[in-house]
Amino acid sequence: MAAVTAATPAPAATRHRGLWADAASRLVHNGPAMVGLVLVVGFIAVALFAPILAPYNPDAGTIINRFKPPSPEHLLGTDLQGRDILSRIIWGARSSLWVAVLSVSAGLAVGLVYGAIAGYLGGLVDFWMMRVVDVMLSLPGLLLTITIVVFLGPGLNTIAFAIAVENIPIFARLLRGSILGLKETDYVMASRSVGARGQRILLIHIMPNAITPVIVAATLALATAIVDAAGLGFLGFGPQDPATPEWGTMLTDTYRYLTSGAAFTAFFPGVAIVLSVLGFNLLGDGLRESLDPRLKR
Amino acid sequence: GSSTATTAPSAASSAASTSAASQAASTAPSAAASTAPSGGTPVNGGTMIFGSASDPSTLDAILIQDGESFRIAQQIYETLIKLKPGTASDLEPGLAKSWDVSPDGLTYTFHLQTGVMFTDGTPFNADAAIYNVNRWKNLPEPLQGSDYYDITVFGGYGADSLISSVNKIDDSTFSITLKSPKADFLTAMTLAPFGMQSPTALQKYNADLAPTDPKNTYWQTAPTGTGPFMFKEFVPGDHYTIVKNPNYWDPANAAHLDSVVFKPIADSANRLAALKSGTVDIIDFVDANQLNDVKSDNTLQLLMRSPLAIGKYAFNQTQKPFNDLKVREAAAYAIDKQALVSAFFPGLGTVADSDLINTFPAYEPNQTITGYDPQKAKDLLASSTCPAPCSIDFWYPDNTSRPYMVDPKGEFEAIRQMLEAVGFKVNPQHKDWHGGYLTAEANGQYPSFFIGWIYDYGDPADGPGLFYATSTAKCNGVSYTTPHNCEFGEDNPAVAAAMAKAIAEPDAATRTQDWKDAMKLINADVPDVPLVWAGSALGASTSIHGYIPSPTQSEYFNLVWKSNS
Amino acid sequence: MALLDVRDLVVRFRTRDGTVYAVNGVSFALEPGETLGLVGESGCGKSVTNLAIMRLLPKPAGHIEGGAVTLDDQDLIGLSESEMRAIRGRDVAMIFQDPMSSLNPVLTIEEQMVETIQAHEKVSDADARKRAIELLGMVGIPKPETRLKSFPHQFSGGMRQRVMIAMALALRPKLLIADEPTTALDVTIQAQVLELLRDLTGTYRTAVILITHDLGVVAGMTQRTMVMYAGFIVEAGTTRAIYERPSHPYTVGLLHSIPRLDRGTSEPLIPIEGSPPDQRQAPVGCPFAPRCAWRVAACWTDNPTLAARDGSGPIRETGPDATHRVACHNLPTPEEAAVGRPLRDGFRPAPPPGGVEDELADMVAVEAGAPDAAPVP
Amino acid sequence: MLKYIARRLLMLIPILLGVSLVLIGFVHLLPGDPCASMLGEHATVEKLATCRHSYGLDLPIWQQYVDYMGGLLHGDMGVSTSTRLPVLDQFVARFPATVELTFAAMLFAVGAGIPLGIAAAKRAGSAFDTAATILSLLGISIPIFFLGLLLAYLFGVWLHWLPTAGRIDLHLYPDVGGGFLLFNSLVIYHDPAMFIDVVKHLILPALALGTIPLAYIVRITRSSVLEVLNEDYVRTARAKGLQQRRIDNRHVLRNALVPIVTVIGLQTGLLMGGAVLTETIFSWGGVGSWLFQAVVNNDFRVIESGTLILATIFVLVNLVVDVSYAFLNPRIRYS
Amino acid sequence: MTKPAEAAPGDTLLRVDGLKVWFPITEGLIFQHHAGDVRAVDGVSFDLARGETLGLVGESGCGKSTTGRAIVRLYRATAGSIVFDGVDVATVEGQALQRMRRRMQMIFQDPYASLDPRQTVGSIVREPLDVHGVGTSSERRERVGELLATVGLNPAFGSRYPHEFSGGQRQRIGVARALALQPELIVADEPVSALDVSIQAQIINLLERLQASFGLTYVFIAHDLSVVRHVSNRIAVMYLGRIVELASSVELNERPLHPYTVALLSAVPVPDPARELNRRRIILQGDVPSPVNPPSGCHFHTRCWLRERLGNPERCVAEVPAARDIAPGRLVACHFAEDVDGSREQRQSTGQGAPSTAPAPSSYAPAPDPAGSAPTASPAPGA
């Protein structure tokens, strides 16, 4: 008689996937996002395996060998110092990734705590904390970054830090916004009604839900960090240590040669930047769409 | 000077002269390497857009220290004495028709041109000239300290000033009396900072108030001289315009162009792009890697200035390990200058082996360091107090490109490879050029570093004479005259004595020999590794004619004209 | 000739997650002035059916994959977009569930009403405005002249729905499709709105298709009723016939699922177990079979067609004596319908054929074990 | 509404106080000494001290802050240490260039971005949509100086179509100074040729600068329109039989506009001070490169006052955006 | 399965007295000042016996949810007391409050919004156990399985996420969570409003079954009178933050004494075309006024059909009607409740009224009703 009550599964119940798995599947079916993922994964892999992948020491070369156009020996040619451009791009992935990751994770660390406090406490505390964010946001970003770099002296970490400072108010505001929205949700109410209190609600119920937009923003911030670092390089505030290849600096050092016979020296680092940034952006967009089922197209 | 971008002619033509043309200076390099084709009869009219590197920083003549300000001042102000176009040392009458020097070499009498007016209508006469000279002598307190050339030429204000008195003789004659003889006084008078400015304008626009005072609007709104061009307008960050002075006192030399606009374009690649796209007519400081680009474009011409700058890798002998001569020698032998110059200065520089440029009569090949020899470098290092791997700090500046140091980081990187090849272990050190690189360098904080020098005077006294002529150093910027010792830590009494002798020697031939002797001594000490003698280049549209490049960058735009096409 | 004639309408959505079989061959007709109720659970295709009639299916997923829709002898499916536009709002109007979101929040009521009128008639702004005022007065909005300048959010839900009605009736359409017009409203407001709707459509003899979940609303508002399930019409007939002799197990189930004010409080509810099918799978057999207490083996494989309940006489689709039709292989008897469960001795719903057993079989077992789902003896 | 604006303006005060505090703090953290960079490396200790005194740099920081704020109250924004010009004058001289560039860039970004975003939304999921998305992303991915240079070479050097530096052809118009050239050329000089020349100069920098806002606008327009397209009232509008164009313009766009306007406002605010790279590449004498130079030269008064003005503008632009919400969304207007 | 309306009440479990919940409205950008209150609940009193179900009905915004939330201390009472088993909920804090929380739970209206989408069903149901530290972790896991089984879900579903379930299944999860701590009182805030009719019945039956097996006491909030009537022993009708009538569900249905109740009853459509045809509704004019500025006197006077008929007596405007015990166990807050009793409106709204001359809604006359009002219901098995 069991069959009397036989139920057809609810539509969503037909697939045994978790929420994340669901998002992942949406991601997998999103063409541009997959391109982004491939680019990002490739970029990370290149950074991780740089010592294995790079055909030459990125730092060794003599000016006698300078400006060798791409050849089987030097696939992407050599730069002004006679160093192998491919190897420098491969090692440069590390620096770029480092700047991106460091700036975003530092920005996240501070921004999240800040935003969580403001959003969770609410009231006057929130009000004034947000005014501080307003102050930070109303300072012209690039100038702020440059000022910090000037203050701390050039270097990869400094740049990452300066970009992180720029990210803090963005992340903080984003997180606060979603926390405020989530604080009044029924499921938070439900959790309170069974006796759950402050920290637990914040950590278990609010944060995991509030973090989604931040994850997306962080992915995009990774991309922005790489471009920003390149821009800083152009203005002369790049990581000045010549022994550490970095894409932005490579481009900055060579863009002058774009029209004078050695265009490839600028072209390849430029392409590396564009591809990695594009990768993060595509992935970020894809994440936005797949983490938010409403935006499904 | 080293920090100030450029300029200033020189010539120690010590012989007093009443004639308009003095004889060729004995020590100065020869005339421009190339000249814009005169290409027929000058055409009047038109505007030339000059793609410069930055805005002028002041146009109150006596405060000027940077090249861009020099360039404009040169057109709107006139000095008592001028340089002959394209030369570094040939004197020519300016606002003074002629001049006499008293036998004791202390009193100079200037006979002024007559019928000259400032562009605001104020007559230029002895009173106006005296007003200017007195202003140099008694520079208003708020302006003091910003007057680099006033200080270097006259040494200070009031009681400190080298000028003892200024006397009016008649309406068109006046004299300056110095406290002690100064052989290069006349040459110094050709420097743009000593251009004549209208007393009326200076007063009207409160030029004597502090530059920070909003009421002092002189140079931004009304710099007034007698020159072939006059101020039109200044839009900071956008352009600076001068226009033809329609009432120029010397019609034969009146400007052809109606106006010249200076458009600051900081980045050299953008500057070239602007030239090639026709946005500007002429640009200064074409990069070495761009020379071919300009040459191969048949709508463009290249205007070369012969070298008057030296770039070098210098040591501070008071710091380890560079207190050891062998270490310095090892570094000197390790560097392949030829490779360096062909990589970074193709067409703009030649391999240097001395602080003196080889166009100077006193130049003599370096007998201590005879060339690139890595093996020798290795051996020297091995036997030194700092055997391989010898760890050294090597400083280079960020955010600058100088004629003698076009790509500091790139050059550093290249030299680092060379040094490490012979057993040095180089620690890269860098600081922003504007952010204290020079201050720390001048204070002797760097063990080894990049530095360079653009001669204001084509005279050894202006180079090695400044760096190494004293053996005792005061190292916190207190002394104005020879502070450079702090940076190099060269403390060899023999060198100091030899140089002092050379600087004091009145006879040209003896002086040349004295300098050769002094240079031998200094070269033996290896206080630095001279890398390159560098010139610079302008790029111009082929419609620009009559532009005569000068090694000192004192170029006169009234000679320039523009063909229609 | 019927005002509206829908034949074998098939609507599908092509989405990333697969095809949604939203409407699977729906046919019905409507006479001028007639009111038709369309009931069924959420997702059964009520709205989609009507959007298809209006050719307003969400793009690009929704497609009319078959069938014909004739309005006044005109085939709507074949019309060009601009021809169709002329019909929308003029001949057929719609009211939607959520009066909050169905009005454009950034335009005044006046702008929205005037644009409706002017989309179909060449009238001056002043005339259109006068019409709008009349219409607002007609739907009982006090001081229509001043209220015309208001924005939707300045109205309460009930008022907004009145505005929607005024707008829908502005051009005296022949057919009004009301898609759950009162679901979002309180009962007291619902009563106001329904009365208004009834009065106005009665006065103008507008044909009405009323979509709702609420069996009570249909009972009071319509002459004929169709019950939909999973994109199929499972029962159709006059409203009275369907409420008096509910004949499809699903209709029976619905009527027993709701507590009724007109019955004693002690009457137990008999839920329909399980939930509606996933319409992303092509229907096999009777869509209701998995939840049906009356199902027989054929139900798993054959989808019954809509046929006259008593199997006699010509079929009339419209009018007061429309034929009571049911799509079922095993009709509940009137007694069973009254009780809400099969009364036949030893009857057991046919088990699913092998292989059709799905992954939720374990869940079924649990449900079966639950006291309220106790097997009927 | 007026009350709201008044309140928002009041809110400016604490924000600007905060900004000024942050700035003065930052400026003092900057290495080097404005006097040292002003007087050169051979300045004497006494000279430095005199100079520092003249700028009040020898006072305790709070005293400097109080003096500075006092000056601000009297409209005195201080004087640049590198050009010795009053900061306000310099700002006024450069601001028109910034405004015109920002305007042109936003015109490009908005003019191209909104139609592109709408088109992409309406064809969501199509190849066109994907192409639009990727193209707009590409815009964000190319370092702006690289893009600027490529543009300059392509359109200036190779094609000779457009000028690559400055705001106006200085050959033809040596008489024109700064100011609002677009406006002046038409209204004051009545010179269409000049106007066209100004526009030609604007194109490349505007393209370079507008790329990033363009990308953001395309994306936000696309998602916002996509959302609105699914709104019930759009369905209502279609059910009423309205013309497609009317639906798009009156129903879809107007409702989708709020997030778009937010992005436009934010980006406009950012461009005002953030155009450093573009200004540098195209020798555009705007505020961004001015402030940048100030940072490089340790020109503390310019950094402080200039940034303060920019922050004020940023906040004001945001205020304008917020006020414009009220016009876009009557709910806000009447509450 | 269903309880007789007169179910013997046990001892009083909950007593709400003069409960007020006001939400302050603040204004100002920098300095906030108090600009008024939303009087969501404005003096509500009732008591509830152990094992009883009290229904709370009323139009949207009348303060039902707020009352419910105040009871479980999700909101703080502005005034009044909520005495739960002898302890005033409004005043306890800390540990005492936690202990109290274990004894009263809440079920929420929206089965989609009330489950954290990032938590598995297991951890949602386990949360109360975790929070209160009940049992060891393996005991908790076991208990979660039991709870899921109790509400008719496969215990194996614990590892799935809420979005994988249908609305009805989700509401079961919400019920399981509420049951986890074996509470005595459950406040069910519109537990079925968001569900489809067929699913509604499943949940209602489940709730009734659980009450029977665990002796639960319910405050059952709904805006649908028929649902409330079905599940409740007594019903409180709320209007603008106040209870206007409180009666046993049978009484309320058969003899409503407040004009508002009458109107409410009359507005509920009945799925019987024959009856619908003959019913005449009382159509209330206008909308519910704002709880920020409720009308003076009797809150309902602005829309009251009775007042209109009585010639708009001043008293309704001037005087707040006290909740009167008009009969044993029957509270009415109306000055003229006696006029309601026996009125035509009362009879019509309860379906007892004679068919009036109301025009038929349809254009053709319905066929005579063969089944008529014959009771079609038969006793449920096991009832």
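Per-chain residue numbering starts at 1, and chain names A, B, C, D and E are given in the order in which the chains are listed.
As a working rule, a contact is a pair of C-beta atoms (placed from the backbone, for glycine too) under 8 Å apart; a residue touches a chain by one contact, two chains touch by 3 or more.
Quantities reported herein were computed from a predicted structural model and do not represent experimental measurements.
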Topological distance between chain B and chain D, in contact steps: 1
Dominant interface by contact count, named by its two chains: C-E
Separation of chain A from chain B, taking each centre as the mean of its C-alpha atoms, in whole Å: 48
Whole-Å gap between the CA centroids of chain B and chain C: 91
Inter-chain centre distance, chain A versus chain D - centres from mean C-alpha coordinates, in Å: 24
Contacts with two or more other chains, residues of chain A listed in rising order: 9-11, 13, 16, 150, 236, 255, 258-259, 297
Chain B residues counted as touching two or more neighbouring chains: 269, 399, 432, 435
Where chain E touches two or more other chains at once, by residue number: 30, 166-169
Chain A-touching residues of chain E, taken from the complex the two chains share: 30, 69, 72, 74, 98, 101-102, 105-106, 108-110, 113-120, 127-128, 131-132, 160-161, 163-169, 174, 177-178, 180-181
Contact footprint of chain A on chain D as seen in their complex: 11, 14-15, 18-19, 22-23, 26, 29-31, 124-125, 129-130, 133-134, 137-138, 140-146, 149-150, 153, 157, 219, 223, 226, 269-270, 272-274, 276-277, 280, 288, 291-292, 295-296, 303, 307, 310-311, 314-315
Touch list for chain D against partner chain B, complex: 31-32, 36-45, 47, 50-51, 54-55, 79, 81-86, 89-90, 93-94, 97, 149, 152-153, 156-157, 160, 162-167, 169-172, 174, 177-178, 280-286, 289-290, 296-298
In the complex with chain D, residue positions of chain C that touch it: 51, 54, 56, 58, 60, 81, 85-90, 93-94, 96, 98, 101-108, 111, 115-116, 119-120, 151, 153-154, 164, 167
Residues of chain A that touch chain B when the two form their complex: 60-64, 66, 80-81, 150, 154, 236-237, 240-243, 253, 255-262
